[in-house]
Structures are given as C-alpha cells and as structure tokens.
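Next come the structures, one after another.
The two complexes that follow have chain A in common; it is paired with chain B in the first and with chain C in the second.
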Partner chain A sequence: MRKLLVELGGTRAVAEMHDDIVPKTCDAVWRVLPVEGMAIHANWSSREIMLHLHGEKILRLPPEGPVRRGTTAPGDIVYFWRSPQMSRGKQLAYSSEFQRELSELAIFYGDPAGGGLAADDPARSGRDSNLQVSTLFATLIDIPREFARKCEDVRHTGLQRLLVTRLGQ
Partner chain B sequence: MPLRVKAIHDIWSGHQVLVHLDPTFVLPPENVLTYLPVPGDLFYYYRPRNYFRGAPYGRSESAEIGIVYDRDTRPQGPRGPEAVNLFATISSGLEGFARACEDMIYRGQKDLILERLE
Partner chain C sequence: MTRVRITLGRVEAFAQLDEKNAPKTTKWLKGILPIERQAVHSMENGREVYVVLDAPYHIEEENQTIYQTVGDLIVYYKPAIFVKPEWPRHVRDFLVIGFVYERDSAIRGMSGPLATNLVGRITEGIDELAREAPRMRREGFEKMRISLASRDGNA
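The block that comes next holds the complex of A and B.
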C-alpha cells in the first residue's frame, strides 16, 4: 500500500492508501501530490479538517468503491467533489469560491467522530451522485496526539497550513 | 449578565457559535425549539455529566448559549439534534454579527460580550 505524509503546523501523521479498494482514486490523488494549502475546520461534520484543491490540482473523479453507509472513523481521509452551483452560496468560510466547483481532501482526526461525514451535512447530502462524490481513499495509520491537537487547534486559532506528500517511492 | 467569554464555532450544527457557561448553571427545558432555528436565535442548552461518550468540546458536562447566525443550521451534537431553550432573537445588527461569526472559522475564537441593554 502506498503511504502519505500529512503535515499540519509542524506535526506529522502517516496514512495508508486503500489501493486495493479504490485504486483509481488513489492513483489520481497520488499524481497530484504534493498538495498544500490552508486547512479549514468543518462546521457540520464534527472533527474534520479540509484542504481545498485549486488550479491544476483540482480532481474531478467519479464515485469508486463500495457505497459507504454510516459514519467515518477517526483517521479516515476522504476525497470529496461537488459540482458548481450545488449549494447556496453565502458560505464564505467554506471557500471564497463556494458556489464554484469544490474539490477537497477531508481528514477526520478525532473521536467522537460523531456524524463524521455526516448524513446531516446539508452540503453533502446526495453524495455519490453525479453532483457530489465522496470516496474514502486512505486512513491514518495512527493519529499522533500532537497532530490531533493541531487539527483541533484550527477551531480555536483559525486556518493552518497543511501539506500532503508522497511517503517513499 | 454581563457575560464576557470566548466564543467558539460549532462543528456539528452549521452556522452557529457557542459559549460555555458555568456547568452548574442548570435550567429545565422551556420553550424548546421544535425544529430548525432561524438566523439570530439565541438558545440555552445543557447536557449532564457523561451524557455523551467522550467529552465533546473537552467537557463531560456543559451548559451553553448558542447563537445561530445563518440558515442551514440545526443545533446538534454527536448523536444528532438536541433540545435547546430558545430565549432570545437578535433584532438588529445581525448582518455584521454574522460576518464576525463566520470569520471565526478562518481566524479562531473571539471574545463575546452579552450584557443587558437598559
């Protein structure tokens, strides 16, 4: 399995990709690495930070793998894509380009993950349709305490720089 | 009143900020919101010790005031919607207040003051 290095504010975590379950998504993500930007905290989906992809890093991938039911678990990393004009467009916090296409990597860092990638998240209902896609493609091997604290810190102090790179190979 | 506290953005409910009160400030259910709040609603919420597995917001027991600043919001926690006591609604200045609330997602916590307007 290929591995990812996730760095946030001086802390690190390692994730393993699910090559055996969603190989096309893993290949696509792998090709655009490294990706970097300011991570933002979720406000519907519990303990989750997100990295929006921009420019040539934007991924437009179809659904892949088994349809997931229930919630995510701490450590899960999900690819999410939403078509333009999908959501009411006032939510600057999600992105200054909220009504435009949204392509992002979402990292669930803690427990209680609660709803995780919540069914109650109005911005994500109807996922895995032709308008929205969410694919679980990697999971943190473990969640270092300092990494989780730094994720949590995004809530308290604001955006933090996040870098995702290939580990090895 | 007055309350001078750090507000934090909610992570389950949508466009909502909240402040934590002294957890001994316990009130019974009253004027419980039956479904969705509207922007500007202020509510009180209490959960007793060990209500949730784990400790959301680092608190096993919590008394809170929540302020809804935009649509697409439903007061909820890890298990889903929660009963909250609606006790006030912002009657002016919501637009600027909402901008400040949303800015907390970018920049983190902010000081919040609640005081009587005589």
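The block that comes next holds the complex of A and C.
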C-alpha cells in the first residue's frame, strides 16, 4: 500500500492510498507527485482543505470505485474534478485558473467532514454524470492534532502552503 | 425605519432592519449594538459570513426562512461543531448574526435546512462585501462591526 506525506505549515500527516480499490486514480495521483500549492478552506463541505492542481499537474480523471453518495469521514482524501459548466458562483476566493474548471485534492481533516450544504444537496454530487468526479483515493492514518489545528487555521487566517509527496519510495 | 452599518475589513455596507416582520429580534438587536467581533466564514453553508454573539441571549423564532438569499441579514443558533473544531462540553449551538453575500448558499443544521430569523436586508454595499469576504478567505479574516446608522430617517 503506497503512502503519502502531507505537510502543512510545519505539521505533517501520513495517508495510505487505496491502491486495491481505485488503482487507476492512485497511479495518476502518484505520477504527478510532489504537488504543492496554497491550500484554501472549504465553504460548503465543512472540515476540508483543498489543494488545487494546476499547470502540468492538473488531472482530469474518470470516476472509479464505489459510488459515493456524499458521506465523508474525517481523514478522507478525495480527488475532485468539476467541469466548467458546474461552476458555482463567482469563486472569487480562487485564482482565476480555478474559477472555471477545478481539479483538486480535498483533505477532510475533522468532524463534520463533507457535511453541510455539500452533503444535503444531491445535485452537487454529480454522481449521475461525469461533470463532477469525486474519488476517495487515500485516508489519513490518524489525524495528528497539530495538523488538524493547522487545517482549521486556514479557515481563519487564510491560505497556507501545502505539500503532498510520496513517502517511502 | 432603522439602518445598520456593517463594516467588514476594508468595506462598509448598510442594511435596513425589518422591524415590521421581526419586531422582537430587531428590538433586541438594536439594544445590543454596536457589536464588534471576529468574523468567521461559513464552512458548511456557502457564501455566509457571521459573528458569534457570546452572551446568553434567547431569541424567539420570528420571520423565519430556510430560503436565505443574497443580502439577507440573519440571526440564528448555529450548531457548535460548525464554529469550534470540537463539540464544547455542554454547548450545542451558538447564537450568530450573519449575512449571505452570493447565491448558491443555504443555512444548514446537522441534518438539513436550518430556519433563521430574517432581521433585515442589505441595501447598499453587498457587492463590496462579496469581494471582501473572498479576499479574507485568502488573506485571513478580520473583525466585523455592526452599528446603528440611523433611526427613523435620522442620520
């Protein structure tokens, strides 16, 4: 089972990839590592920070694995892609590159994860179309308290640098 | 007709209180103004900014809606887990006042829509708030101040 190292503002967490469940997604993510950027906090999905993939690292992957119906657990790391026509609002908090198409790694760091409007609005799942892809491909092994605290800080103090690298290979 | 001034970071907006349909809540609100608290962006409702009112107020349901829209000034009890990273020992919700600045937002409780007291409408400066809130999502949240701007047409 391949592992990822997630670093945010001097804190670290380790995740295990779901190679056995979604091997193609895991391979695709693995190939673009390391990825780095400024993480922003969610405003629909509760305790989640996002790292937008950009430039050569952008991923446009098909759905893979079990259908997800909005239920999300703390520790989940999800590959998320949203087509331009699914854009919600002006997205002024994102850089211009992500105000249309969105390709990101979503890290759910605490409870409630994926709750709120994201969970209650089936239209947002896009599960009956390929306009929105949401694949659970890794899970944090435990969630270090200081890492979770740093994620929560992103909500209040703004963008923080996030780095995701291969671990042990 | 009472107007309130909302100052968020670098911008200012004005709201008109709905004293006809929310007489108790607006009376209470006028009584506690001015307030200045740390602004928080919603992480579960979309484009909502609010402040927590930490005094033990009891606000009755009044002029409620689950269909909040852009420019609404709302008062309600928000589940504590959406405010704090962990459930406080004996507190299950916090009284908040906030506003919605863009479409595609809706106030949620733990398992569905949450009714909120609609206490007013932002009549000036919503575009400025809609630019300032995303800036703060990137650069960090500052304080929000709500104060009386005028009462009965007087400045």
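Assume the second predicted complex is superposed on the first by the 149 of 169 C-alpha atoms of A that agree within 3 Å, B and C clash if a C-alpha of one lies under 4 Å from a C-alpha of the other, contacts with A are read in each partner's own complex, and residues count from 1 in each chain.
One rule holds for everything that comes next: contacts are C-beta pairs under 8 Å (C-beta built on N, C-alpha and C of every residue); 3 or more make two chains touch, one makes a residue touch a chain.
Remember, it's a predicted structure, so these values are computed and weren't measured experimentally.
In the superposition on chain A, see if there is space for chain B and chain C together, and answer fit or clash.
clash
Using the superposition on chain A described above, determine whether A:158 touches chain B (first), chain C (second), both, or neither.
both
For A:148 in the superposed arrangement: first (chain B), second (chain C), both or neither?
second
If you stack the two complexes on chain A, which partner ends up touching A:40: first (chain B), second (chain C), both, or neither?
Once the two structures are laid over each other on A, A:40 reaches both partners.
For A:111, select first, second, both or neither according to whether it touches chain B, chain C, the two together, or no partner.
A:111 sits against chain B and chain C alike.
Across the two complexes, what residues of chain A are contacted by chain B and by chain C?
On chain A, the overlap between the chain B and chain C contacts is residues 40-48, 88, 90-93, 111-112, 115, 118, 120, 155-159.
Under the touch definition given earlier, write down the residues of chain B that touch chain A in their complex.
The touching residues are 8-16, 52-54, 56, 70-72, 74, 76-80, 102-109.
Within the complex, which stretch of chain A touches chain C?
Residues 40-48, 88-93, 110-112, 115-118, 120-121, 148-149, 152, 155-159.
Which residues of chain A touch chain B once you look at their complex with the stated criterion?
40-48, 88, 90-93, 111-115, 118, 120, 122-123, 154-159
Can you list the residues on chain C that touch chain A in the complex?
Touching chain A from chain C are residues 38, 40-48, 81-82, 85-86, 102-106, 108, 110-113, 130-131, 133-141.
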